[in-house]
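Every chain is named by a letter (A, B, C, D, E and F) in the order it is written, and numbering of its residues begins at 1.
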Amino acid sequence: MTTNQFDTGLPSIRQVQNWIKEKITVEFRLMTGDLITGRVFWQDHNCISVFNANNEQITVWRQAIAYMKPLSN
Amino acid sequence: MTTNQFDTGLPSIRQVQNWIKEKITVEFRLMTGDLITGRVFWQDHNCISVFNANNEQITVWRQAIAYMKPLSN
Amino acid sequence: MTTNQFDTGLPSIRQVQNWIKEKITVEFRLMTGDLITGRVFWQDHNCISVFNANNEQITVWRQAIAYMKPLSN
Amino acid sequence: MTTNQFDTGLPSIRQVQNWIKEKITVEFRLMTGDLITGRVFWQDHNCISVFNANNEQITVWRQAIAYMKPLSN
Amino acid sequence: MTTNQFDTGLPSIRQVQNWIKEKITVEFRLMTGDLITGRVFWQDHNCISVFNANNEQITVWRQAIAYMKPLSN
Amino acid sequence: MTTNQFDTGLPSIRQVQNWIKEKITVEFRLMTGDLITGRVFWQDHNCISVFNANNEQITVWRQAIAYMKPLSN
């Protein structure tokens, strides 16, 4: 398992930061098989928090993310 | 896998702290596929402990959380 | 994934220590989906060791625990 | 779980760097069972980002990779 | 996820060391659902190596162990 | 989860090094349930790279290995 780094200079962290700024809808594929789709609200060392289409806040744990795919604006 | 930080200044930690204070019912989706729903009682570096609707205490390990979703007061 | 801390001052560690002292029967839900039920015998940094109803000793790895639920005395 | 190292001298990091340079198509098998196939765009400490055949950008988390297999140029 | 410690003073490490010395047959339940049964040959920081009933050597990674159960001599 | 160590003095690392030298065919059982069988080409801190029977190079991440079993020369 990876020991992730929350360093704002890293491309993976800047990419999420950009999705926040640009209000991009992103698909998160989780280890459970769940697909969480929404706009990213904030990220920190442990989690990425999104609002889905029903305007529900879902705080996804980084440890559970398999991949992320930006969909559109 | 993430090396989580238990730093009370982090949004992900403050969010849970707020759920404790506001007595919010929260849904925890676990890596096993289980859904644990309840009010958060305490959190520490390793775990988040909740009381479910049957007033059972369930201590969830952070390592097993895929996402968290606040439901209501 | 969490880097757990084995600090005897943490609520999650003291809770298990209390279950040992009070001879509480505890249910452990594992990442595999297994349910291990028994009385806790000892805990250390890596594992929690329990005796089940057949008096078999089962040493559960912390890394594999999704949640813990105390059942009764 | 492994604490991965992002050290550009490591064979596993240089291999990916070479796939970027040579525009190799690579198959990523994930812990979820997903197969992600594409050309690697960048890698950092946390993630490897690829473009698939539909030119979608998919950012795969290292923590979720089971194996990688280069397919062709 | 746990950052395991390989400290020979820990009960979980001494328990395995004792199984080696006493030639105990042990059942290992893995995250994959596999059951590996055999006598422990050696352990180190990463792995526990066992011989099964067919005298095959199987090197189990600690990261993959859900629980361990001693069966008999 | 385990924080693996890549220390060439460890039995688990030396065992793989020996398989490289002796051209042993090894079976890798992964967390996904996949079985990867082949000869080990190199290992580093993050990965073990093998050639399978079709002479395809497969780079397996240590974090995804449940167990390893040497088959034959």
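The rule we apply is simple: a residue touches a chain if its C-beta (ideal position, glycine included) is under 8 Å from a C-beta of that chain, and two chains touch if they have at least 3 such contacts.
According to UniProt, the chain labels map to these proteins: A, B, C, D, E, F = RNA-binding protein hfq.
For clarity, every value in this text was computed on a predicted model and none was experimentally measured.
Although chain A (RNA-binding protein hfq) and chain B (RNA-binding protein hfq) carry the same sequence, what matters here is overlap: shared residue numbers make up under half of all numbers found at their interface. Note on chain E (RNA-binding protein hfq) versus chain F (RNA-binding protein hfq): their Cα superposition corresponds to a rotation of 60 degrees, in steps of 5. Distance between chain A (RNA-binding protein hfq) and chain E (RNA-binding protein hfq), defined via averaged C-alpha coordinates, is recorded as 37 Å.
Centre-to-centre, using mean CA coordinates, chain B (RNA-binding protein hfq) is 32 Å away from chain E (RNA-binding protein hfq). Centres computed as Cα averages put chain D (RNA-binding protein hfq) at a distance of 18 Å from chain F (RNA-binding protein hfq). Within chain B (RNA-binding protein hfq), the positions touching two or more other chains are listed as 1-4, 30-31, 62-63.
Residue ranges on chain B (RNA-binding protein hfq) touching chain C (RNA-binding protein hfq), taken from their complex, read 1-4, 30-32, 34, 36, 42, 44-47, 49, 56-64. Remark: chain B (RNA-binding protein hfq) residues 1-5, 7, 10-13, 15, 29-31, 33, 62-63, 65-70 touch chain A (RNA-binding protein hfq) in the complex.
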